[in-house]
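Next come two complexes, and both contain chain A; in the first it sits with chain B, in the second with chain C.
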Partner chain A sequence: MVEWKFDYSDLDKITENKPETGPGVSEKGELCGIMYDDEYKEIMRVFRGVLSLKEKSERALYATEVAILAVPAFYTAWNYRFDIVKALYGDSGDQLDRELDWLDEFTLANPKNYQIWSYRQAVLKVHPKPIFRRELPILAAMLDEDSKNYHVWSYRRWCVQFFGVLDEELTFADALIVRDVFNNSAWCHRMFVMKELEVDLAQRAASAEIEYAKAKILIAPQNISPWNYLRGIYNGILGSQFDAEIVTFALAFAGDVFDAHGDASPTANAQSSFALEFLAAIYSQNEETAPKAIAAYNALSSKYDPIRKSLWDHKIARLRT
Partner chain B sequence: MARRNMKRLNFINGSLLGRKRVVTEQIHLEETEEQGQSEVDVININMLPETETVCDREEVIRDCQELFDKFAGEAHDLMADFHERYLLWAFSDMLPPQMKALEASQPWIIYWIANSLKVMCPGSLTTDTQRRICQKLLKIAEPDGLFAGGQGQLPNLLCTYASIAALALCDNVDDCWEQIDRKAIYNWLMKLKTPDGGFRTCLEVGECDTRGIYCALAVAQMLQIMTSELCQNVKFFLIRCQTYEGGFGACPQGDEAHGGYTFCAVASLAILNEIPVMNIEQLMEWCSARQYNEEKGLSGRSNKLVDGCYSYWIGATSAILEAHGYGDCINKPQLREYILKCCQSSGRPGLRDKPGKSPDFYHTNYIALGLSITEYSFEAKKGPDALVNSSRILRTPETDLQPINPVFGLPSKDLADIIIFNKDRL
Partner chain C sequence: MQGVLTDKHSKFLKRHLGVLPSRYQEHDANKLSIVGYSLLGLSCLSDEATDPFKGSRSWLRRHYRTGLFNGKKIGGFCPSQLLDVENATSISLPNTLFALWSFICLKDTTVLTEIDRVDICRFVSMCQSPNDGSFVGSLDVLKESTTSPTESNDSRMSYIAVVILYLLGLKTPEEMSEFIDIRGLVEYLKTKCCINGGFGEYGEAHAGYTSCALSVFAILKTEWHGLSETFLEETLAWLKMRQVSSQGCHCFQNENEYFDAQDNGGFQGRENKFADSCYVFWCLNSIRIIEETHTNETERGAMRFLLERTQNSLIGGFSKNDEEEPDLYHTCMSLAAIGLMTGKFNGPLFLPTHLVVAAL
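Our next item is the complex of A and B:
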């Protein structure tokens, strides 16, 4: 049975004559009723008791903790907990920090949970002196465990905007890209940083980002992330003005696709289907180079990425009309 | 072969024994020469540096390849009767104690199971079961008419979608649709609405992302309580979620493009009749890039693994684009092969994410929906109430999957019925 830190026996009197309904109660013949174990039933009985009184106390807070540990996705308990925290702690930074400590520990044990992050945002919003650095260790620990955890990356971006601190983000994303060059979440975070910059700053930073992506492509040419990133930088920041240099760079991974009638060796296979897609997008920009785009789409369709044939056919059809 | 063994050894070192190799070396030319001798023409992923991403994917490719080899040349059908057992069991017995993790998602369990049955085994959702569905869900909505994760829980937007969708499957048994309090739901939806066009999942601590928008709009459309106030600013929120990759993220803060959030955004724009406001070409590129030559299934993000549930999230997004005349951006026959050969196993009923994973109700539903999409082509009717028509492009000998509406995740007929019913209630 549950070892409670507080006494809840008075609650029994309140619920005594009421029919038992709610979390932890399965009615007879109920569709998809759950066979709750006794411990769970007890946890929820106490939870229903404090909730029915809307009690804002340390023991109520503890009851929500026990309920949340039993069912992390129990949003009703998260909401109630937030009401209690506001009532008990008001705007005391020290006490709200304790709540964040508790949350850190809970988060490490429940990496896939949705509720934690919106709850954490709510706590930071009522905190008198929230600190960006306070948020970093838990985020780093979570990404160390699961480097593409969607909620964690999303929360990190929320923090960056909430606190207005952008300085560490490129370094942070870089460390994860160094660890795994295919980590698209980290690439996406880099793009977030670029979009957060003022337009002229972003334009000045763009050439360094292009070099960065190119260096990573050299490590692994068949990697969609840096190619998408390159396109994103050119289209989003540089007005879709692709320069000759980037075309030459991409051509190095295109094999003999663009000189099929030339004297290239027959084994000159492309090293990256994404390079072909990248070049095709550039070549589609004007009529003169459109035939090259069609050549790339044909090569993708017949050889390098045939499962996506309907897209390549669609692209070719657009170029021909 | 020697090289492959080397790769296996590296995998064991890296993933099983936790020895992570720092990857900085460049691919040398002699390695790429092997490409010419490989069995498939597509660029072989064995050429890539062995990071976590590559090692994980190599595992999946190997598992899928084993199954493709095993079933080579066989016409492999959906084992609908077998899966039906799994679904009916859940409706006849109590769920085991570990299912308490879904305490706050009870309408979802019901929607997943009932919908899977209706799509795969029409006729097996009996009037008696429909009655029990209505009883349970309408009881959750007492006393204020708002749906929640279960009795005694706070009203929740995502659970409201699941509840209305599940009720839509009940053919208005016992006039249950009459008992849905549309006014209460509408007023509550307006309270969940945020100034930037989002919807919180509940009051007051609730996530605000494209899922909330989708659930709000789908519910409003099914119940025919759509107003211009409800839709105010919604499309601007959605436009800001489309990323440089072409898909949509959860929130307009540069979140990564993701299959689930993309579906929610695109289906929402379809309900708003605003498909052209997004960058359609880039969305098509992104959707198409989710399908991998080796596994044939769909992934949810760039450089992530295939997962059967994206057969719906991406498959439906593609079907919505197809319905609006933009062409098909996924390979339906190949997706079918992934579903039929890799997402089911004669050892255990129900559908699964990928080989080696256990089936569950969530995957069973979304994979069944995805499989249905592969059997039909889609066309949208014009006009503000645009509904999607599907026409059959494939008939399989053993099964007869119901046509589904890719915007709402329901069999087309059930969706049309509840919309017509509510239209007449006005």
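Our next item is the complex of A and C:
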């Protein structure tokens, strides 16, 4: 049985009429008849009791904690807990910090739950002095656990906007890319930062970012993330103006695809299908180079990425019309 | 369908509708999703597979709750009797949609009266934010504000809201706009477009969110609401790139710890992730929404991945990959994907075609 920290015996009168379900009281036609244990039934009886009184007290807060521990995705309990926190703690930063401490513990034990992140945002929004640094340890711990956790990355980006802090973000993304150059979330984070910058700042930062991506491509040419990043920088920030230098860079991974007698040469194989796709998109921009784009799509279709034959053939058909 | 172990999957799914051990109580807040995924999965297997459960319609109906919220009457479904509190709003959009899907699988939508339908539409209406057009899944439990302050909004909730309205008979944007702000809904989804195609949060495209956003556009049926042709073309390419391959240059990924050559033909949810059976559905549904003619070669590879790598031939069910145990969610998603590929499943409404015809 649960060891309650508070006395809830006065609630018995309110909750006693509630029909308990479960195998003991098997209902006609019941589906998914969960064999609720007695502890669970008691937890929810107390929870329903305090909620039906709309009580905002320490004991009600504790009842939500016990309910959330039993059912981490219990949206009603998270919502009620927040209403209690607001009423009890008002705008006391110290007390709201303690709520965040509790949430940190819960988060570490329940990494897959996603109510934790929206709850956190709700708490920070009522906090008188929210601090970005306060959020870093839990973010680091969660990414250590799963470096591609979508909710954790989304929360980091929410923080960047909420706190208006961009300074450390490229360094942060870099550390994760150094750890795993294939971490697409870290690459997307870099792009997110670039899009957050003022347009002229982003344009000035672009050439360094291009060099950054090129260096990472040299480590692993068949890695879609830095190629996508390059595409994003050129299309999203530089008005799709590709320069000769980037074309030369990509050609180094294209093997003999663009040689006049490419098909007959058995020697030079392309090292990266993404380089071919990248070049094909550039060559598709004008009519003069369109034949080269077709050559690249043909090479992808027949040899370097045949699983997507229909996509590459579709691209060729569009270029020919 | 050849190669689908129908009887084993049927048993696997039915087990989830029977008596469940107490460890399932931690899923009590999503109990109707267990009911819904099981019944939807069974409906994919055959038209009659859900017949033994028709007697459960009134039990399901007992999860329906109405209440007054800011002076307006609303209706919806709560997940479980144990989690329901009088005078508090414990209904949610996801539980409401799973209940509607379940009634359709049990071939009786007359359980809901005209009055119920309007009350549910009003609930959906109140879940929409007047600020940005997004939806959250529930209303504030103590009625101190409108929507729940602790719920997140993303394209999944927009999808759920629109499907609920559609299943309640509001089939056009004009009819829906009696309850929701269609323009706000569309503008919100457009903010989720990513730079290289696809939809996602904060610029990171994700196949699940993409399927939800595209399904909304498919249900609204109005010429993409100004999404550019370039964006749709890039999204189509982004989706096709999610098919994992071990051929050509793709074998040069030895250092990628999230690459497995055995995943060939399967789909991943994001770049540089392992293939996962549920993303076969999310990607193929999205691809089929954008592209009218579908490509057999793509789908043959996906089918092989499902049948040979994630189908469990001993206890039935499908797992996310070849390492995990089969689970209810991946079983339902895999059967839906197979239905999609064999022309028997309506992807945007997430219902077997025969039920769409019968119910709507």
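Operating definition for what follows: the second predicted complex is superposed on the first by the 303 of 321 C-alpha atoms of A that agree within 3 Å, B and C clash if a C-alpha of one lies under 4 Å from a C-alpha of the other, contacts with A are read in each partner's own complex, and residues count from 1 in each chain.
Note that contacts are C-beta pairs under 8 Å (C-beta built on N, C-alpha and C of every residue); 3 or more make two chains touch, one makes a residue touch a chain.
A quick note: this is a predicted structure, and the numbers were derived from the prediction, not measured.
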Based on the superposition on chain A, does the combination of chain B and chain C result in a clash or a fit? clash
Quick one: is A:64 in contact with chain B, with chain C, with both, or with neither? Answer first, second, both or neither. neither
What is the contact status of A:54 with respect to chain B (first) and chain C (second): first, second, both, or neither? second
Touched partner set for A:107, first chain B, second chain C, both or neither: neither
Taking the superposition as given, does A:147 touch the first partner, chain B, the second, chain C, both, or neither? first
Once the structures are superposed on A, label A:28 by its partner contacts, choosing first (chain B), second (chain C), both or neither. second
So in the superposed three-chain picture, is A:179 touching just chain B, just chain C, both, or none of them (first/second/both/neither)? first
Please state which segment of chain B collides with chain C in the superposed model; the candidates are 1-9, 19-27 or 73-81. 73-81
Considering only the contact definition stated at the top, list the common interface residues of chain A for chain B and chain C. 21-23, 29-37, 40, 48, 51, 70-76, 78-79, 82, 114-115, 117-119, 122, 148, 150, 153-154, 157-158, 180-185, 188-189, 191-192, 195, 220-225, 228, 231-232, 235-236, 270-273, 303-311
Within their complex, chain C touches chain A through residues 16-22, 24-31, 34-35, 38, 53, 55-60, 62, 80-90, 92, 137-138, 140-142, 144, 148-152, 195-196, 201-204, 206, 236-237, 240-241, 243, 245, 247-250, 252-253, 255-259, 264-265, 270-273, 295, 297-298, 301
Footprint of chain B on chain A - complex, ascending: 21-26, 29-37, 40, 48, 51, 70-76, 78-79, 82, 114-115, 117-119, 122, 147-148, 150, 153-154, 157-158, 161, 178-185, 188-189, 191-192, 195-196, 218-225, 228-229, 231-232, 235-236, 267, 269-273, 277, 303-311, 314
Across the complex, what residues on chain A touch chain C? 19-23, 27-37, 40-41, 44, 48, 51-52, 54, 70-76, 78-83, 114-115, 117-119, 121-122, 148, 150, 153-154, 157-158, 180-185, 188-189, 191-192, 195, 220-225, 228, 231-232, 235-236, 270-274, 300, 303-311
Using the touch definition from the top, list the residues of chain B that touch chain A in their complex. 20, 22-27, 32-33, 35-36, 41-43, 45, 47-49, 51-54, 90-91, 94-97, 99-106, 109-110, 113, 129, 132-133, 135-136, 148-154, 156, 201-208, 243-245, 249-251, 253-258, 284-285, 288-289, 291-293, 296, 301-304, 327-331, 334
